[in-house]
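Below, chain A partners chain B and then partners chain C, in two separate complexes.
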Partner chain A sequence: MELICPAGTPAAFREAVEAGADAVYCGFRDETNARNFPGLNFSRPELKQAIAYAKARGVQTFVALNTFMRAGDEDIWYRGAADAVAAGADALILADFGLMAHVAEHYPEQRLHVSVQASASNPDAINFLVEAFNARRVVLPRTLTIADIARIARQIRCEVEVFVFGGLCVMAEGRCSLSSYATAKSPNMNGVCSPASHVRYVAEGHDLVSKLGDYTINRFPEGEAAGYPTLCKGRFDLASTHAYAFEDPVSLDVMNEIDALTQAGVTALKIEGRQRGKAYVAEAVSTLRKALSATPQERTRLLTRLEALSEGGKTTTGAYEKRWR
Partner chain B sequence: MANRLLKRLVTTHPGLFERLDDYRNRRFAFLPSDLPFGFVVDPVKPSLRVFSKSTPFAVDAAVEGPLFLLLALLEGRLDADAFFFSRELTVTGDMEAMLAMRNALDDTGIDLTRDLAVFAGPFSGAATRAMVEIRKRVLKEKPPLWN
Partner chain C sequence: MRMATLTLGPVYFLWDGPKWRDFYKKIAHEAPIARVVIGETICSKRNHFTAPYMEEVIVHLERAGKEVILSSPALVTLERESRLMRELIGEATRKVEANDLSALHLLAGKPHVIGPLVNVYNAATAKLLAARGAETICLPPELPFSSVEKIAAITGGADYEIFAFGRVPLAISARCAHARAKGAVKDNCRFVCGDEPDGLAVKTLDRQPFLTLNGVQTLSHSCQSLIGETADLTDAGIARFRLSPQDCDMSAVATLYRAVLDGAMEAGAAAERLEALYPAAPLSNGFHYAREGAAWIAKARTGQHQANS
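And then the complex of A and B:
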């Protein structure tokens, strides 16, 4: 089982490698990747150095070019692909079918992974990408149960990667328009969900109020852990209650299900968090590396360490174990 | 003294503010919640100014928390998001600028015990050892968020 780890900066990249990553994923400092946050990501020379650093230690580098190309500006994404290939990336993580076609045509030897942003979540969609563009791996969305994953894995002709820890997107990724609705910017086109330019945290008495553009997303009373200001984790007026409609502010943790995921046919486990600091990367990667070879009892003890890193101070197994109510 | 400290850091880490890009001309406040004064960083000059919290100050973005957390943030030894979730850190003002600053600091590799030891002159070795020991004791109280 491979451990695929995030890096938003060269420093975080080195932490991931040292902490036991099998592969590190990262992106360029522009709109070609879905974590296009200020001060984050890699210049061309930084990526080249990072790949060399990883290769010298037997670690792979995956480069995420996982936003959708803007008509007329495709060259930004084409240059990203060319530069990542030239730098020696072990795989490109792509979402846009046009970019997949470009890479398959111009760099047929380059390993291509289907980003979670492509929202490929059934055997027909995945096998189409395998046949059309020689996709070697698919990253499945966080909307499937483990039984769903097992059913899909049996019917597809590529490897399966799933998220096991970190930020939890509960939507059909690549197709979610909530951020776009509130701010006119989205992870799909601009690489930012709830962009920081539109975020404000305001103290009102003892409450902490989070705002996204003109929308109030949440109000955290004193003593309650805070979360990111994403609409999918906002508190809404629902009938006579005031509650979370989609999901609480919470992070994903399904590391206790490693055995079930292995049996389901998963070949790689992904940690979310390119936007987090190097301390998060070091702690999450080293803990999950230990958890992979731990007994179930030891694993549970290890994983409690990660709750403090989690949004809202809580973790969930999300859709992986979702049951109909 | 504050400016000498910043100049030392900029000299030791010439890429310190490179990641700020368009946010280099913003003014940032670091406000220790356990002290009556704060620090304003002006990256474009660059300058570091100490001011009393009782006097009005104008900045674009501010982060407030216990001094040891702010120092650890400066060194990238903690994950700021985790402490933001637990509400030990608060951020006000231009969130985008502060995010850029956080990422710039996180990638820089500042080590205050090493970078500032030079101010102790002939006692730099002893000063470094003392600072490392103090940091180790403080960090022990905050597992597992330190690297």
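And then the complex of A and C:
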């Protein structure tokens, strides 16, 4: 089982390699990847150095070019693909069919991975991408149960990678325009969701109100820790009751299901968090690396340590369990 | 240039069978609509509500001269849903609209239509889909006009459609927020989404209307309308304008759009009439102008755009 680890900076990249990653994924410092946040990501020389550093230690590098090409500006994405291939990337993680077609045609030897942003959630969808673009691996959307994953893995002709730890999209990935509805910036087009540029915290009496664009996303009474206003994890008014309409501010943790995922035919486990600091990456990667080879009891003890790292200190197994629906 | 036509998108909401049938009968007799996309798109659990009326409705629409396209599911995760998709496409005697990648696989080489829920953000993708048999591509509602005109400039493949009326489909999930809002879960939902034929309002804690739940789908609170932008869109090569059914007089909505397309009514006046026809939601067109989707950009007579979000 491979452990696929995030890196938003060269420093986090080195931490991930040292902590036991089998592969590190990262992106360029522009709108070609879905973590296009200020102060994050890699310049061309940084990527080249990072790949060399990883290769020398037997670790692979995957480069995410997983936003959708803006009409008229396709060259930005095509140049990203060319530079990632030239730098020696072991795989490109892609979401846009147009970009997949370009890579399959111009770099037929390059490993192509289907990004979670492509939203390939069933065997026919995945086999379409395998046949059309020779995709070698699919990162499955976080909409499936472990039983679904096992069934799908039997019917497809490529490897399966799944998210096991970190941020959790509630909506089918790559199919969500909630962010651009409120802020004009979306994951698909701009590589951002609920961008910091549109976030405000406003004191109202004893409450702290978090806003995204013109909309209140949450209200925290004195004493409650204020979270980041990610749109789908906000508190809303639904038929006059106040509740987290879509999902609580939680993050994903299915590491306790490693054995079931292995049996389901999963090749690689992915940790979310390119926006997190190097200390987080070091701690998450080293602990999950140990958990992979630990006994079940030992694993539970190791994973408890990670709870402090999670959003709001709370985790969920998300769609991997049927009851979540 | 060929005269632009109107397409009626699938009813995204859960309407009971007789309401659904009567809606389409009225469309057949009254609405200046060329093409009707029909069939459950959002939740595979709902199929039995409309299935008994499907054949009757299709016959009615076709006798009235409408072209009927069969919609297909937007999110396919279960084995049962994969099977339904294969049956739908395998047995279809009419063109099918794809809303998920699985349909693209199964429709390869057959003439078909691409719905607004498939990610087509550039000409490279549009060309690829056209080469596989797509004859019409309804572009994603999130696309700004600057992208629409570049994609629509590609000729010789598919024709292009734009999402011109209706609450905007913004997201879909494996989880049913609508059922959860009513204390149920997806697998035991008792079809509570049917209680709101125009969706369940999600307001902010300040009671500002924001989003709309429709089962596993999340739509905008506002109603996207590009009735003021039809001239620019037809000039750019858009051949079809999609009207997405809301719980209002859709025949009258279609008549308004037709009048504007024919130059028989001024767009500003038509927008005012539209607000009266569908008072449940404010109009928006922000996506078209690369603004937040909820914004409404009023087009002044001088041609200047004035922000009024």
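Here, the second predicted complex is superposed on the first by the 310 of 325 C-alpha atoms of A that agree within 3 Å, B and C clash if a C-alpha of one lies under 4 Å from a C-alpha of the other, contacts with A are read in each partner's own complex, and residues count from 1 in each chain.
Following the convention adopted for this analysis, a contact is a pair of C-beta atoms (placed from the backbone, for glycine too) under 8 Å apart; a residue touches a chain by one contact, two chains touch by 3 or more.
All values reported here derive from a predicted model rather than from experimental measurement.
**Q** Between chain B (first) and chain C (second), which, if any, makes contact with A:R219: first, second, both or neither?
**A** It touches chain C, and chain B stays clear.
**Q** In the overlay, answer first, second, both or neither for which of chain B and chain C A:Y280 touches.
**A** first
**Q** Which of the two partners, first being chain B and second being chain C, lies in contact with A:T316: first, second, both, or neither?
**A** A:T316: touches no partner chain.
**Q** Touch test for A:F68: chain B only (first), chain C only (second), both, or neither?
**A** second
**Q** Please name the chain, chain B or chain C, that touches the greater number of residues in chain A.
**A** In the superposed model, C touches more residues of chain A.
**Q** Answer with first, second, both or neither: which of chain B and chain C does A:S210 touch in the superposed model?
**A** A:S210 contacts neither chain B nor chain C.
**Q** In the overlay, answer first, second, both or neither for which of chain B and chain C A:R235 touches.
**A** Only chain C is touched by A:R235; chain B is not.
**Q** Touching A:E15, do we find chain B (first), chain C (second), both, or neither?
**A** Touch status of A:E15: first partner only.
**Q** Going by the contact rule at the top, pick out the chain C residues touching chain A in the complex.
**A** Contact set of chain C toward chain A: 75-79, 81-82, 85-86, 100-106, 108, 117, 119, 121-125, 127-129, 140-143, 146-148, 150-151, 168, 170-177, 180-181, 185-187, 200-208, 210-211, 213, 218, 220, 286-287, 290-294, 309.
**Q** Touching chain C in the complex: which residues of chain A?
**A** 68-72, 74, 95-99, 101-102, 118-125, 127-129, 131-132, 142-144, 148, 151, 170-172, 174-178, 180-184, 186, 188-189, 209, 213-219, 232, 235-239, 242-243, 245-247, 319, 322-325
**Q** Mind listing the chain A positions that touch chain B in their complex?
**A** Counting only chain A, the residues touching chain B are 8-12, 15, 37-40, 195-197, 199-203, 208, 220, 225-227, 249, 276-280, 282-283, 287, 305, 308-313.
**Q** List the residues on chain B that touch chain A in their complex, please.
**A** Chain B residues touching chain A: 19-21, 23, 76-82, 84-87, 90-92, 95-97, 99-104, 106-109, 143-147.
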